[in-house]
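Heads up, the next two complexes both have chain A, just with different partners, chain B and then chain C.
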Partner chain A sequence: MDMPDWGATDSPPNTHVSPRYIEKSIEETATPNVVTSLLADYRGYDTLGETTVIFTAGIVCILLLRRYR
Partner chain B sequence: MINRFENIIIQTISRLLIPPIQLYALYVIAHGHYSPGGGFQGGCILGASFILMVIAYDIKETKRMISEKINTIFIVLGVIIYSGIGAVCLILGADYLDYGILNKIFSVSPAKARALGTFGVEIGVGITVMAVMVSIFLNLVSGGEHEEAQE
Partner chain C sequence: MDFIISKFNYWIYIVLMMIGFYAMISKSNLVKKLVGMNIFQTAIILFFISIGSKKGATIPIIQDSHVDAVNSALYMNPLPHVLMLTAIVVMVSTFGVAVALLIMIYRKYKTLEEDEILQILRNEKWPNTH
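Up next, the complex of A and B:
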């Protein structure tokens, strides 16, 4: 019982999740760029959260810094 | 207070450079399917073009191009586009952000509909990132007054 080595090709994420995305990405999403299809399609919720973080940062900067006279 | 910095070389070069920078930013957003890039990167480049405008000219000149009201609306609009596309998928009967169901609207195959949904999402991300970059820069550089840059 031990953690897999760094970048081990036989660790569980590298044996079924990654090949599934690499093989099926073009036929399921018609997007040649696997990174884009992963970020915006398979992991859409994650990118929605990232956008919300950016949005929150912008709104908080306005609330804290903006001075109306 | 720093006075308006007039330099004919910087202003001319900026005037020549800003349109290609903005065009390149739109290219990066639209070409995210085929090459490295996407909403975050393209939005950053688009925001940088407005920041270059602030540096080369001044804040008043920039706010004639993109007013504070429009910019704040853009901040919200991007997130609304993103979550709106997700909600449209929900209304059409699929899961939230499951773009495949968008083929009911666009009459293409589900795979192409996923590509279109991804593209719409990237546009939303790009709008939000651009507006937030400009807003944070303007607030920091002018001390929240949005009039002229402070020392």
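Up next, the complex of A and C:
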């Protein structure tokens, strides 16, 4: 029952980290879409790990589905 | 009553998560278990997305890029969107690997029912152990 209401503007995830990203995104990355600048610029290493995950999944699928003769 | 109406997103994701959990535990078909796992992950994604919503805000795309001071109350929280984008990618990867494993299981045992596979395994008497 202590969780914030739906759409609460003063909830902890909406007040602590994200306003800084929204306010400085244009100035620092020159990208209007904040999600894009977060994904590719502020959290680029996260995206790198994500591509590693999906690459590994692709390799595993190929290894599993290859028929041995 | 207030905690049901104004916190309805949590109830939605609790119900979805319990549906997925029930499917994962009680179904014996492996494909149904996999679908249950997907419903579970979707519930978690909905939870994170609903945390990031603000009343009176729009999607986090800055409309007027020449304004120096951007008012952060006008735009939704972009962080859950980004994190759930990563989570969706991980979800698709796990789904792909699981489907590949299911195809391998079906090739070997010709069934996807868990009790039938266990029956076949018991009748095999483990020929490779010695």
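Following the convention adopted for this analysis, the second predicted complex is superposed on the first by the 65 of 69 C-alpha atoms of A that agree within 3 Å, B and C clash if a C-alpha of one lies under 4 Å from a C-alpha of the other, contacts with A are read in each partner's own complex, and residues count from 1 in each chain.
FYI, a residue touches a chain if its C-beta (ideal position, glycine included) is under 8 Å from a C-beta of that chain, and two chains touch if they have at least 3 such contacts.
What you see is a predicted model, and the numbers here were worked out from it, not measured in a lab.
By the touch criterion defined above, A:Leu48 lies against chain B but remains apart from chain C after alignment on the C-alpha atoms of chain A. When both complexes are overlaid on chain A, the residue A:Ala57 reaches chain B and chain C alike. Of the two partner chains placed by the overlay, only chain C lies in contact with A:Asn14; chain B stays clear of it. In the superposed model, A:Leu38 makes contact with chain C only, not with chain B. Here chain B and chain C are compared by how many residues of chain A each touches, and C touches more. Of the two partner chains, chain B is the only one that A:Arg66 touches; chain C does not reach it. In the superposition on chain A, A:Glu28 makes contact with chain B only, not with chain C. In the superposition on the C-alpha atoms of chain A, the part of chain A touched by chain B in one complex and by chain C in the other spans residues 30, 32-33, 35, 39, 47, 50, 54, 57-58, 61, 65.
Those residues of chain A that touch chain B in the complex are listed here as 27-33, 35-37, 39-41, 44-45, 47-48, 50-52, 54-55, 57-59, 61-62, 65-67, 69.
Contacts from chain A toward chain C in the complex involve residues 1, 3-9, 11, 13-14, 17-19, 21-23, 25-26, 30, 32-35, 38-39, 43, 46-47, 50, 53-54, 56-58, 60-61, 64-65.
The part of chain B that touches chain A in the complex is made up of residues 32-36, 38-40, 72, 75-76, 78-79, 82-83, 86, 96-97, 99, 109, 111-112, 114-115, 117-118, 121-122, 124-125, 128-129, 131-132, 135-136, 139-140, 143-146.
Of all the residues in chain C, the ones that touch chain A in their complex are 3, 6-10, 50-57, 60-63, 65, 69-70, 72-73, 75, 77-82, 85-86, 89-90, 92-94, 96-97, 100-101, 103-104.
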